[in-house]
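Chain IDs A, B, C, D, E and F follow the sequence of writing; residue 1 opens each chain.
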Amino acid sequence: MSDPSSINGGSIVAMAGKDCVAIACDMRLGMQALTVSNDFPKIFQYNNSFIGLTGLGTDVTTLSEVFRYKVNMYNLREERDIEPETFANLVSTTLYEKRFGPYFVGPVVAGINSKSGKPYICGFDLIGCINFAKDFVVGGTSSHQLFGMCESLWEPDLEPEDLFETISQALMNAQDRDALSGWGGIVYVITKDKIVKRLLKTRQD
Amino acid sequence: MFRNSYDNDSITYSPTGRLFQVEYALEAIKQGSASVGLVSKTHVVIVALKRNAEELGSYQKKIIRIDNHLGIALAGLAPDARVLSNFMRQQAMTSKMVYNKPIPVARVAHEIGDKAQKNTQTYGRRPYGVGLLVAGYDETGPHLFEFLPSGTVLEYFGAAIGARSQSARTYLERNFESFPDCTAEELVLHGLRALRDTLAQDKELLIQNTSIGLVGLDTPFKLYDNEDVGEWLEKLGDVGSSRGRRQAEEAEAEAAAAAETSAPADEDIPVPDVPAEPIETDD
Amino acid sequence: MTSIGTGYDLSNSVFSPDGRNFQVEYASKAVEADGTAIGIRCADGVVFAVEKIVSSKLLVPGANKKIQTIDKHVGVAYSGLTPDGRHLVDRGRSESYSWRGLYKSPIGVPILADRLSGYVQAYTCYSSVRPFGVSVIVGGVDKSGPHLYTIEPSGAFWGYMGAATGKGRQAAKSELEKLDLPNISARDAVKAAAKIIYIAHDDSKDKDFELEISWVSTSETGGDHQFVPKDLLDEAERLAKAEDDDDDDDDDEMDED
Amino acid sequence: MNTMFAEQFNEPATNHSTAAPIEHRFNPYSDNGGTILAISGADYAVLAGDTRHISGYSINSRFQPRVHTLPGEKPLIVSANGFSADGETLVRRLAQRVEWYSYNHNKPLSAKSCARLIQTMLYGKRMFPYYVATILAGLDENGRGAVYSFDPVGSYEREQCRAGGAAASLIMPFLDNQVNLKNQVDPATGEPKIATDLSLEDTVKLVKDAFSSATERHIQVGDYLEIKIVTKDGVSVEYFPLKRD
Amino acid sequence: MDHMPENWGRPRSDVYGSYQHAIHSAGPQSHTQVPSITGTSVIAMKFNNGVILAADNLGSYGSLARFTDQERLIKVGKETVVGFSGDASDMQYLESMLERLIIEDNYEQDGHNFRAPHIYEYLSRVMYNRRSKVDPLWNAILVAGKKDDGSPFLGYVDLLGITYSSPCIATGYGAYLAIPLLRKLVSEDEDAKNVTEEQARAAIDESMKVLFYRDARSLDKYTVATVTLDGNVKFDKDVRCQNMNWRFAEGIRGYGTQKQ
Amino acid sequence: MVGFSFDNYQRNQFLTAKGYPVPTATATGTTIVGCRFDGGVVIAADTRATEGDIVADKNCEKLHRMSPSIWCAGAGTAADCEFVTQLISSTLELHSMSTGRAPRVVTCLTLLKQHLFKYQGHIGAYLIVAGTDPTGPKLFSIHAHGSTDVGYYLSLGSGSMAAMATLESKWKKSMTKQEAMELCAEAIEAGIWNDLGSGSNVDMCVMEVDKPAVLYRNYRTPNERSTKEKSYVFARGTTAYMSERVRPTVKPLAYDIFEETVSSTGGGESMEIDG
């Protein structure tokens, strides 16, 4: 039987470009092979940090609320927005706290540091080990396909519009080869001062 | 041919220790058209004369590829040759599969020899009615073996079997000392000349009736048939029977050979009957 | 020959009224028609030699071996129908192969000779087969020392210190008797064997022949059956020829060398 | 042998209290890694594979070619990838069957028939399968490139392109995207792009990039890339170095 | 007095664990699935003039060092060496098969002799066929000698029928401990052309020493066999690990906080 | 450390019982080594992190700072290595503030082993601890169950045997810093080339007596990716999308801006608080 993190399916990918980052996810929510919903976005925004959560559906929802709570607490305590780096550490410690009873998720964080303007992306395993990456990070049931796509398509210093094309093609073609992901896709392209969100036209099977 | 009591089967000795059935099987070879083989230091060539049953019929296959390094030419009962060639292919493939090695020519030749012997010692079987020239190249060089239904397998520098093969043998005996240093091309031409000597009076070598097999150093077994034979015949030049040109002493030898052959070897009998004793005792 | 026409000689496994199995006797005729083969038991081994009649000058010299190997330590030479000989050798090989499989040791030569003779004898018992047309000299060295046997078409087998079969067996046997057997060394036995084959060869009947010699010896081959080295063969042949020429100078024309 | 590492790193929390005796069962299968990829074109077919042979976390050989040329005048190329002992055996047996075919029928085996033969051979071991992903490449009756891919028990299909083996899941979507132009629309018209035959040169470049990318992300892929190309002139081979870590 | 004869001469159960009676009482349908007396690594590498290989002389019975004079490299035919690791009885079975194979090959004395690639193929078929009967011969085997074209040959086959060739191969722990050292010298066939026999021997000796340091089922006495391209096979037996260094242990006290 | 939360434990046990296997965390097949030299100690690691057969991170950091002169190389479960070293590192820092002295390596070792022992191997960290303190250079290893070992040269991880082969054959009693660095680099490279679980680059940290430790991040980089044969940048417009929404980045503390749809671009003002 499949492991808990692939019961509901879903995929996520984030890429860094020239002064921009992009993060994308599919829209599927399934029960094993049965697709339940094609409107289950997996990317959540907290201040200017984005997190994509794939894995067990209930944990995705739960964690998105946990992070909303924790980021709000951060805002109230610190009276400032949370930076992506800080948020990543928040995610990491939150996950590791459940070391022996983990959430079945594979999160990906993306954002642009408001001070330095540097793009920031990173990924995690289910117990919070951070994977710092300069190029791209992936997660979810089509992670193998995404690794193959990204490794082939990605190149450094892509402009936001090019980054959109690259991440979209990576996501769409990867999820077409994964029965548990697909049914649409959402892409966020984030620059220092603008967030472009697009709903991709994809196969619906 | 006279009939005696000792030739009913292959398992009865005559009072002089001969096996008539086996000897008759050797006769069957002479009913077939000729095949000639010869060896240089680097190559082996087999050439053969094909017959067709009638004017519009196809020509009998005389040379069979066994493996990349191995082929045979036959004279006699073609169906028997098919059985033996299949057996040889089986052996060759087994050798490649189990030992990753092309089967040594001598060994596969002896395998069929040993197989043939069993038919000469057990009741209810008949000896094979075909002679084979086994030509191959292996790590010990080029080899030519003559296989006979008795189970006898001998290695030759040059050999000929089938109708009027004595003429070819005569040619080979006169020229074999020059074979070792021949190029592949010269060797083929020697073979064709020897083969030409076996032709009946009014016949000549044609692309339809000539087969050539060549194998040797860096030369995987190559079979030349039909159009492919053309260039060889061109190089040969004179393709006609040499009978008219033959000197008296050779004619004599030929006469002797013809006497050996107990039935006239007509060109239009592709699968000859064994004379005197029909092979109806077969299993 | 009283056999012809009686009907008792038309099938194997049939006795004539006077108790003879003619088919076996006829098989022996096939043996007598073939070239001479001899075997010598020497101090620490066995030497085989055969006279190979060369029927055509197109035959490749040295290629068509008549002496064969049954196992590492056992050799065999025979006269008669060569294909029959090969058949019997095949049987010897499977006997010795299965012995090795069962006992993980080389088969003893006496046991092998016994089993082979049993096999040959079986081919005299049934009308569905014919007797072997060979007389076989089998010999080798095992842990009890050197052994030499002959097996007749009848299945009879005897141990020998010097054995001969084929056309020239009579001449060969009388020569063998002159040797100091079994005290002769392997090397001397090789030379003697060459000489005997030359003596046994009848120039008037067969024009050309080829000499083939092999040996099994503890001291010379480590107990393995091998053909003798080229230089030794050449030397033995040279000596044999020299002697043969001396003997035959008067009554024979030597033209073939 | 690599269970040593599995115990050390993957299963630190192994339950020691299981009362059942330790059972040493013989497992007749293993995985020897390797990835293969085939693309067919207008007048050619390409079958490429890396040459790394592995067991567990060890590299057995850096150069153990896995793409084989079948015997015959019109050669086909084939690779059976996964458990290498099964793969090698399948290919050898296939080669002999192909040779017998040409003996018995006096003509070379066509790609289509060879594909069916492979199915028969694979399905013949349905209950003890050859543990391999198989790809056959050659030219069809019209001289077009043909690629057939097989699952371990013989289900097969003719395709434009196919990746098999360890890193197949990494490469396959890339081929969909770059060979069949999946999910791409023409910016001018907004219509989906139609795939056309790639030139041989572009195909080879694509194959190299697919493999160098897979090498980056899959630990079993690396060392050398062997690219075999069938055209009407026969089979040619090209080697390309990959990373060795 | 133990009255059960099958227990006589066995390692003491209280020390070495009880005997696995499943082996003894195996019926005709039951295949041996567990090796008993075993040999550890065989290591080998090519050099400019041939192949060199080594195996130690230990026959282990579980963790018991049972035999210390086990020979695991054998010469097969004229110019091939085969090295076995794994079960000793299966090794001896294969040895006798190979002996008979060579005897058959020598019947004709016709100049054809099995060389390494042929023996390797034969072993591969035997091993694969046995694994396909789920009745494996529990060995990993190296075959070293000459290829048909006269270049060095080195091949591996194991109980699953897995085969591969490489300029350096090792079985067992050798794959982890010896290969990194040998591969530094010969990563590909081309590299072997620049390695002399002396260099190769030094690398093999060094690897055997490392194996003795780190493989608990190994011995410091081993056999080295060398096959050279002129067809010679040389066996160097009862070789001992040289210049071993265990003295630094004197400088270590305890496992952490203990005072020096 | 606040301690672990077992909130999900029962649920996960239920899932396991239903037959859903627990997914594995990033378990680093790894090569790490440590080696002493005259007057110091050096540790090194490769930089590959794997999830099964996939390389999750090509250039991760496996060397962790415990104190200015004590460093730790980690193999095993990546998260455990990261967090256990962070935890003990801060304990050491507090300890050293409290005592006013630089921490000793044995203190670090003891804290780590006691922590790991408490968790009975469930925290899957395999560590090589090295550093200098007033008692000299020290080199230790710790296994997940809490056992420790002392050595002149040590290796751990899936590539430990490849590395150890190099160390066993090249190590000698008295080495210079440079020799030790080269030896460690070579040992790690043995892992990189021969162990599939290890790869990419060599990281190294050198700790000398009375000197601050020096980290050589990517000391050797033998695995740079060569350039691709082709570029795969798509023409803009190749991807079809159904809708687009453009928003400015979130302005500080103006959380209700979510409700608005603003289509202008223009940069936001940065907050001063962080400054």
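Following the convention adopted for this analysis, contacts are C-beta pairs under 8 Å (C-beta built on N, C-alpha and C of every residue); 3 or more make two chains touch, one makes a residue touch a chain.
This structure is a prediction, so every number in the text was calculated from the model and none was measured.
J.: Based on which chains touch which, give the shortest step count from subunit E to subunit F.
T.: Contact-graph shortest path, subunit E to subunit F, evaluates to 1.
J.: Using each chain's Cα centroid, which is most distant from the centroid of subunit F?
T.: Most distant chain from subunit F: C.
J.: When contacts are scored as defined above, which chain pair ends up with more C-beta pairs, D-E or B-E?
T.: By number of C-beta pairs in contact, D-E is the larger.
J.: Just the number, please: Cα centre separation of subunit B and subunit F in whole Å.
T.: 78
J.: Approximately how many whole Å separate the CA-defined centres of subunit D and subunit F?
T.: Centres of subunit D and subunit F (C-alpha means) sit 36 Å apart.
J.: With centres defined as the mean C-alpha position, give me the subunit A-subunit D separation in Å.
T.: So the centroids are 32 Å from each other.
J.: What is the distance, in whole Å, between the centres of subunit B and subunit D, each centre taken as the mean of its C-alpha atoms?
T.: 46
J.: Taking each residue of subunit E in turn, which ones touch at least two of the other chains?
T.: 108, 110, 176, 179
J.: When you check subunit C against every other chain, which residues touch at least two of them?
T.: none
J.: So which bits of subunit B are touching at least two other chains?
T.: Those would be 97, 106, 110.
J.: Identify every two-chain combination in which the chains touch.
T.: Chain-chain contacts present: A-D, A-F, B-C, B-D, B-E, C-E, D-E, D-F, E-F.
J.: Which residues of subunit B touch subunit E once you look at their complex with the stated criterion?
T.: 97-101, 104, 106-107, 110, 138-140
J.: Write out the stretch or stretches of subunit F touching subunit A in their complex.
T.: It comes out as residues 2, 4-12, 15, 18-23, 25-26, 49, 51, 54-57, 60, 77-80, 82-83, 122-123, 228, 231-236, 238-250, 252-253, 255, 265-268, 270-271, 273-274.
J.: Contact residues on subunit E for subunit D in the complex?
T.: Residue list for subunit E touching subunit D: 31, 33-34, 128, 131-132, 134, 136, 156, 159-166, 169, 172, 175-176, 179, 187-189.
J.: Which of the residues in subunit E end up touching subunit B in this complex?
T.: Against subunit B, subunit E makes touches at 108, 110-112, 114, 117-118, 120-122, 125, 148.
J.: Give the list of subunit F residues in touch with subunit D in this complex.
T.: 24, 27-29, 48, 50, 53-55, 58, 75-77, 121-124, 126, 144, 157-158, 192-200, 222-223, 225-226, 228-230, 232, 234-240
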